[in-house]
Structure formats: C-alpha cells, structure tokens
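Lettered A, B and C in written order, each chain numbered from 1.
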Amino acid sequence: MRLLYLDWPHLPLRLALGRDPAPEEVVVLGGRAWDAGHVLDRSPAAGTLGVRRGQPLGTAHSLAPEATFLPLDVAALADPFEAALDALNTLAPAVEGEVDPTHPAFGRVYIGIEGLARLWGDEATLLGRALALVAPLLPGSPRTGIGNTRFGAGVAARIGATPIPAGGRQEEAAFLAPLPLALLPADQAIQQRLGVLGLRTMGQLAALDHSAVVARFGAAGAELHDLVRGMDRRQLRPRRPPERLAADVELEPPAAELEPLRFVLHHVCGTLCEQLAARGAGASRALLTLTLDLPRGVSGSRTLAYRQVLPEPSAAAELLERLLLARLEAAPPSAPIERLRLELDGTAPEAGQQLTLFSRQAAHAARLEWQVASLAIRFGDDRILRAVTGDTEAHIAERRFRWRTAVEP
Amino acid sequence: MERSHEPLQHALATLQTRWGSAAIRLGDGRPPGSAAAADQGAPAVHGALALAVLPDSHPAAPRPVPAAGVISTGFPALDAILGPMGLPAEASVAVRGGPSSGKTTLALRCAAEAQASGDIVAWLDLARAFDPVEAVARGVDLRWLLVIRPATVHEGLSLAGSLLTGRCVGLLVVDLPARLQVPLDQQLRRLAAHARRVGARLVLLEPASLARSLGAALTSSTGLRLELERRAWLRLGRDVVGQRTAVAVAKNRYGPPGRSVEVDIHYLAEGERSLATHRLASADSGTVAALVPPVMLTPPVAPPVPAVSEQQDPPVPARRSTPRLVVV
Amino acid sequence: MTRLLGQHPAIEVEVDDRGWPVGLRWPGVREPVEACHHWRIEEAWWHRPLVRDYFKVVGPRLLALVYRDGTDGSWHLERLYD
C-alpha cells in the first residue's frame, strides 16, 4: 500500500475565517459565547489559554473572555472539504476523508497512489497536482506525507519528512526507528510507562520482543508495537462519492420569461424525482444553475446558481419545483436563459411522513416546514422564528430563551 | 385519641350549618367526615397551606364544554357569555384594551386552547413584546408556535396572509403596536377576510392608543369585538399579583352582544417563570409538558430597607455560579 | 401575562429620596407610580458585571417592571403586565 496523506490542521477554523488565524488571534469556533453548544475548534492562541475542543462554550468564554466567538455553519464547512475530496477523486479513485466537520478526522485525507505513476508521473508530480487541485478550494496549505502505512504517512506529514522509501515494513520501520515515542498515538499513562522503562525512540520499542510488550501493555501495547514495526494493519477506506442526479436542458430559443422556465423546471423536477423515488431515496439539496444568454459586449457572470436546502430528504417533485420557483421569483434572472441545469445531491433515504411526535399538529408538521421554507425565500430567513430554551437558571429574562429561525432543522 | 377530635368535629359542624356543607374541605379536597379519610390514611398535604384558598379565577363558574369546532377563550366565565361557549372555527376577534388591560393574557390562553385542540398557532409580533417563557407558563407549546417578527408592519401582514394560505396554521394572533405610522385598515380587512376563507381563527390585539378609525375598520371586518378594561388590582400585601378585568362584548356575530363579565388574571411570580423555563427544557427533551401551570402563591414582600447601594459582593468568577438575588 | 420589551427602552424616572421610582415619564406624558415590589440582581457575569435594581411599579394606567442599571444609573422599562 502506498499512501499520500494530506492534513489541514484546524481546518474548521481556517474555513470559518477563510484563512489561517494569525498567531496572536484568540478565536473560538462553535457558536456564540452564550449558546449551549461546544467548542469545535480554536486558534493556537486560544489553546494556550486552555480552550479545548469539546469544551462547553461557556467554559471557553470564562477561560478566554476576549476571544472572538464564531458561529458554526456545518454546511459551510462541509461543502468546501467535500468539493476538495471530489477534486482529489479526479486524481485517484481511492480517496478517504471525513466530511462531517464535527468528526475528529475532518481535514485529513488519505489517497491511495499505488500504480498511479504511469498516469500522472512520479510521486512528487502527483503531490504537486493534488496540491494544485485543492489550493483554490481550501484555505492554507496542508501538511503532506507519503508512506507505506497510514501511520507512517501521518508521521512523515507531522515532522515534514521526505517520502518514506517505497517498499514494505522494513523501510517503514527503518524510517520510524530514530523518531521519538511521543509521535505514537498512545495515551499519557502508556507514554509515561514507556519512559520509565527507558525507551525513547520507536526503534527501541520495535526491538523488544512482541510477547514482552503484550505482557506489559496488553492489547494497546500490541497495536503500538505493530505500528513501530511498520505493520499498521488499518486499510484505506475509500469514500463513495455521493450520488448526484443531474439534468441539463438547452432552451431554444432562450427563455426570456419565467413561464417557459416554469414549464421546463416542472418537467426536470418530475424526471429527477421519479428516479429518486424509484430507489427509495430523497434529495436533501438542490442546485439550479442557469446559463444566461448575454448580448455581445455585455460583461458579467454568465451563470446564475440557486441553492436550496430541503427541509427533509424528499422526492416530492411538486414541492421541489415550488421552492425553486420561489427562489427564481425572489431573484429573477436579468437576461434570457439558454441553458438550465438541475442537480440533486445528498441522496439520503426519503424521510416520508414520519409522525414522531404524538400530537395532532404533527400531521401538518411536514407541510408547515415546506411552507416556512418557501416563505423564508420570499421574506428572509430571520422573519419566522421559533423559541428554544436558553439558560434555564438565568435571572435575566432574555437569557432564558433564544430565537432561532424556523427554517433551521 | 377519639376524644381529642370532639371539639374540632363540633366546630366543623357549626361552620357547616352556617356556611353550607361544601364550605370546608380537607387538604386533599374531600369534605370532612367522608369515608375515604379513614381508609386512605393521612392526606398528603398538611399545615396552613392545605386549607388556604388558592387563587382561582373563577371558583363559582363550572367549566363549560364547548361544542365541536369551538375553542375556549381560557376564561370559562367569558366563554359562558359568548354564545357558542368559546370561539367558533373561523372566528375573527378584535380585542381592544389599554396597557395592563389583560389582552395579551387573553390571547395567550386562546393560543394554548387552540393548540390543545390540535392547531398550530402563529403569532405576528408587530409590537415586539412576545415572551416565550411566559407563553409556556400559560400553557403554550412552543413546538407548535411560529413567531413572525417582520421588518415592517406591511411585510408582517402579507407574510401572515401567505402563511394562512397553506392551511397549516389554525390560529393567527396579530399583536398590533401601540402606534402605527401608516393606515392599515384595508390590509387588516383583507387579512380577516382571507382568514375566514381558509378557515383559520384570527385574534387581533388592538391597543387603545390606536386611532378609532382603525377600530371601526376592525369592528366591521371581525365577527367578535371584546373591549377590556381593568377594574382593580389584586394585591398580596403591598405587591400587585393580578388584576380584575371587565370584558365587554361590543359586537358578536356568533351570539348575543352587549354582555359583559369580570375575570381575574393572576400574574406569574419569578419562581413560576423559572418553573416554566424548566418545563420548556423538559418539553425539548421529549417528556410530556403539562398544559396548565400549577398555581403558586406569591411570597409577601419584606418591609423595605433602603440600603441597596451599600451591598458589596465579591466578583463571581465562573459562569455557572448562582447569581445573587437580594430582596429588600 | 407580561409583555417583554425587546431592547428594554430607556425611560425617564422620577425618584424619591430613597431612590425608589415615583413617576415614569415619556415625551408629553407623566405616569405617577408606586413601587410595590423591589429586588436586586447582581452577577459578575463573564467579567462583565451586571447590577440591576428591579422595581415593580403600579400606576393608574399600568403595571410595569422597570430597573435601574447599577453600572451607569440609567432606567429601563423591561416588562408591561397585560
């Protein structure tokens, strides 16, 4: 196995800021200081003040009261990283990465590069291509490492080493041998006990008898011993790129009014939703892209994109059409349309009519969600609100609840 | 032991002869001498509170049962004079009253009753004065409540109209602000007609400070007009804990007009507000929320001590430490 | 029920020699009031101290909850009972 590893440390924060945080900047990502959530990421400066991932935001605020608290927008973080994974998939079929920003592995990519030399050139060239692909999509440059195991590639990236020579466990073990044990993914107790035994480098640990290590450290020790001997058994788990359904329609002649567009949209929504329904799937996001027929000499963007997040995974053509039309009516195109593309992604199992809440209102709930979503397009997200619990012990009335927009899931 | 009860039994018998057999109740609500008292052991409540008269808005009025499609106003005495024992489906109501007349309480109770009958409620908060915690305490379920806070009054009315079109919302409350920059007669009339068409109830809260011309427009477009006027404050010691409000039925398309009734409104004490918040929290976590808040007595006010500014407190470092609440 | 006023509008308050409100003033209107309940809230909340002297005041036309901000001495209207 030959692996290229890319790691963007603090990717959620980098994405939220659109850049690397400056060294002295105290920034916490996860929500506003009075929100009920947890810290998702923090700048190094906030880390030195004791702010940690997973801490309640209130604790983080008491540790770093001067910090800037950034709200959390999961989709805004996940989308660019997913786009980067898609881009890397054009380079290699086996790409592993976690797109959920709240997952610890978010921001790390393993790419299987065995046998790709004929296609793209040597490893250095391949690395250059990979970096060029993701550079416009993600802020900052990643740490990179090339190795024969996941552990080896990860360590190479952390210490900024040149690629580990291709081969098997001998090459891997030889590369790891002089490196300190602190690079091992072991908890503090095990690290201390290794220190007490006088072990400093991975080579020293690798030289021990396997049964002796198991006897002293149990199963956890056995795994560490395998790692330092170049025997990381964890396989690459390539992601399955999300299924996307798309339909393109050329409009001849270009449509200058909404009416013909409505007709085409009706047809396209119907076709795509039929395909979804046949698989028992539903779309959770829709992207409508219109290509404008701009007269010669007129500058400006030729494409218009309308993104619509659906209240629940759905294959209901009529509802989808209505939401997209509402978007179109809210921001009508400024020139005739010569091409329409509708893309549905995030094909999840359809939610259907789940009556999870035992009350009569639940029968209307799904329809209400759709209606609120379409009103939010017309009037703005922040007009229709729901109240949720705030700090129940607060003595100040406004802290006992907070408003959230009714379109938030 | 039996002997020691005799003077008490005698006193109870005298009181019952004079005031009627229902005048005295044991702590668990049973009349004295009922058979269950001996079988079931001591009642659960002891002490002075057990016999204290709890504040109850309408001790005399039995709760009427509204007909199908009719929701109660939350005030049984008011239901009783409205004709159909409440607000019929598609009813539109204008509620006019000054500040502290009780119109918000009335609207919230209607909202809670509508939700209890299966409706989703929308609250057009033009006055920007909606308090969710108080709403929960009055029995409103926040899961089925949408609050509309528009940028302008016009936007709010057209948003509310569009929301009604979907036929998901069963009751729309419009809380008009104390002052209006632009005339709204036409738009309100259209909204009322629209609500009637889609079969939604409409409650319009009309501050007394608004122009009479608007009031006239509302009267002509709504089926029921209630005029609220505060008659007295209810006090506990020095503190005001509630109010007595006269509700006059100025117009009634669903029953006899011209009647009026007095209802008592009890405000929430601080403790109840936090109780409501806890219920809010438990509703979020999926446990069943009680619809009727328990009645609590407001603690009497301590004699005033004018030494407020001399209080010095050490700074409290952590967020979760209890804030100091000083009653003076 | 009370109406919770979003931004707690600042109001002018006349006080007696104890510092208790005896009148509320808006442009062109004066409402004589009597304080019927009083409590204080103090918090060093996130190092931003918060001190409020709350007064429940009753007048001929209204019952309201006002407070004096202990940090700058300004008066605010928080709730109207209705």
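By our rule, a contact is a pair of C-beta atoms (placed from the backbone, for glycine too) under 8 Å apart; a residue touches a chain by one contact, two chains touch by 3 or more.
Quick caveat: nothing in here was measured; it's all calculated off a predicted structure.
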Chain separated most widely from chain B, comparing mean CA positions: A
Between the pairs A-B and A-C, the one where more C-beta pairs touch: A-B
Geometric centre distance via CA averages, chain C-chain B, whole Å: 24
Gap in Å, rounded to a whole number, between the CA centres of chain C and chain A: 49
Where chain A touches two or more other chains at once, by residue number: 61-62, 395, 397
Junction residues of chain C, two or more chains touched: 4, 41, 43, 46-47, 79
Per-residue multi-chain contacts in chain B, two or more chains: 131, 317, 319, 323, 325
Interface residues, chain A side, partner chain B - complex: 58-59, 61-62, 357, 359-361, 364, 367-368, 371-372, 375, 378-380, 382-389, 392-393, 395, 397, 400-401, 403, 406
Of all residues in chain C, those that touch chain A in their complex: 4, 41, 43, 46-47, 50, 52, 78-79
Contact footprint of chain A on chain B as seen in their complex: 115, 118-120, 131-133, 135, 141-151, 155, 159, 162-163, 166, 168-169, 273-274, 277-278, 280-281, 284, 317-320, 322-323, 325
Touching residues (chain side chain A, partner chain C) in the complex: 33, 61-62, 65, 395-398
In the complex, chain B residues that touch chain C: 97-105, 108, 127-131, 134, 138, 233, 235, 238-240, 243, 265, 267-268, 270, 301, 304, 306, 308-309, 311, 313, 315-317, 319, 323-328
